[in-house]
């Protein structure tokens, strides 16, 4: 059960034509949403504390994070669901910590690939078509990279819990759908969280999904400075810890169930 | 249509073969990576100079090594593929031109993949097929009853296809393919993955169907027992060419076949060295001697009895497996020019 | 001519036969079906909630009020939903070809187009349709439209031509997979992208882009042009008013293109194999 990052990297790189098509889709949606936001910010130039350049940059960051964070679904955790259904997982369960670690490593490799292809490519297109904002200094860039990594780990935690539902549910399509929808909406992909009216915005920014896009985007755009910057990373790290702890607890529960039922 | 069609034509009747293949050729364009960036395209001929006819009611075996062109031929006969050259005619129709019209008259069983709908119970599948193929009610009920009995489908009728085992699914596929009384049935590896009992039942079913309904059967298979038990005629395809078309008996003469003399000596001896024979194996007093299939065994036995005390002996005929293998690997047959 | 009509009748009957079969299958898992349909309702509804959130920050978008944008959204989502219901799974063609299950369709006495359209017919898509219709009706009630006879007639016209345009786009997007055997990602950009596009007034786009959306990829005819007529708004770009009635022509031309591309595609498949 050896998985190195490089191995999972190559596995995803074979789907080259599909990746190109995906990049095209990213660009199409990116352009459409950009024009929509331009109309919004023309009406209200400081909506949500953003200016129009912030908003346009946010769109392309969103497209980049979409696959990186596997917002719809996908990633290494799908393998887990498949193994649960086939029963192969019984062997893996004896070491819940290293099982988590293994899948996490795989997922980070996949995220790396997606970031470099589906992430970077549409952003380049976006930067050619629109005026975007870039990080002020190298430190911000570095913190952004960290923030993206933590976004992947938080997302991994959520997806892991969803996949683990396969231990108890015969048909997990409902759970997966719900998870995908929550991810899409509460990450700020539909509409930036900063635009959410009143207390809904505050609540949304406390949920784990805020780590997927809103937090890294705010880092990139320089909206978080000084102590606030550290707070952003801390928020993501806290959710990572909570979710990974929940995962290992669930896996231990599942282990007991598997042992009792004989696999 | 009444109960099936007329079986094999009477002697002296002039008939048009139900399957006619003339000069058929099929090329494929294969793209390969040559180095990092470039790709080469080359033309691969899967099937060439294919000429044969199948009479209505015949049961023909169609065998050959993997990649010889069997699937390609079936695909062209069913209208899935268009030939690159030549003419095809099945039941008087051109497959790729009159695909849907022809589809009513044929049935296909793909061994590896099912044609059934995954989520439907067999009963519902058959009902759906009844309506798609416009099978008259009475005919449908009669066929369903027959197939259910012969293929033992009774307990399976209400199970979704998804939950059937390979053998059960195969039986379902077979019934589905014959439900509408097709004139021609193509069976692509129908016994693959089945146990011995299931295979025997399937073969009985096919024999009976062919006999009672006069259904023409083209059977591709790697299981040569299927051929021996079902087909009076076999076509062998190799590297896209038809290298043999005739009865089973003639097949033996084609290959570099050898017969085996198994002799039990009174006392164990060293490997025998007899003219015209090769000693294959020695196990105690028993020895296996191989000699050409077209030679008589008599002189060999006489020479043997002269030199050694023989307790018992028997002669093994070349099995079709060995014959076919030798055809596949034979240097005797002229290789098609590249 | 007569055989053409009977062939069309046969195809329609077979489509309904297959669709009914799939509906029956989904009904055997009734609880799951209800959950999925309700789920669809809310999931697709999130798009509209997004629009509502935008309007909590602004009063109008390119001069269009919230209920007017809701009208555009409802029309677009309704057309997409109907098209998705009728033949949504046709876009799985590439997957079927790669898995080798397309050949089983060629062996049946039914048009492969019909088989692909009916493939795994999903009644649960009514969830999206119900949601879109809900928003559409609400917006009509909220708007103060001067309902002349022609405006009333324009509503089914909008839904009809818009749906046909999406049907054609889905078909073309699927037919392309005869050549590429890829997934539907590319066609999604046009169908789902197109629907997202049509949720907002096209006046947010540059003039040249709207020209392209009129004469190249006729997404403008899905709901924008008919909506201008119903909402009694002058064309923001000053394009001729006759465009507001030309949806049927666009739908017809696109359908013709779809039929040609599909036919070519099946021929290509039979000529090259998989």
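Details
Going by the order they are written in, the chains are A, B and C; count residues from 1 in each one.
Convention: a residue touches a chain if its C-beta (ideal position, glycine included) is under 8 Å from a C-beta of that chain, and two chains touch if they have at least 3 such contacts.
The structure displayed is predicted, hence computed values, not measured ones.
Chain centres defined as mean CA positions place C nearest to the mean of all protein CA atoms. Of all chain pairs, the one joined by the greatest number of contacting C-beta pairs is A-C. Chain centres here are Cα averages; for chain A and chain C they lie 30 Å apart.
A straight line joining the Cα centres of chain B and chain C is 48 Å long. Chain A and chain B have Cα centroids lying 54 Å from one another. The set of chain B residues touching two or more other chains is empty. Interface residues of chain C facing chain B in the complex, by the touch rule stated above, are 14, 17-18, 21, 24-25, 100-101, 103-104, 106-111, 267, 270-273. Contact residues on chain C toward chain A in their complex (touch as defined above): 29, 32, 35-36, 39, 42-43, 46-47, 49-50, 53-54, 56-62, 180, 182-183, 185-186, 188-189, 193, 196-197, 200, 204-205. Only residues 28-29, 72, 75, 78-82, 96, 99-101, 103-104, 106, 108, 110, 112-115, 117, 119-120, 124, 128, 131-133 of chain B touch chain C when the two sit together in their complex. Contact residues of chain A toward chain C in the complex are 17-18, 21-22, 24-25, 28-29, 32-33, 35-36, 38-40, 43-44, 47-48, 171, 173-174, 177-178, 181, 184-185, 190-191, 195-197.
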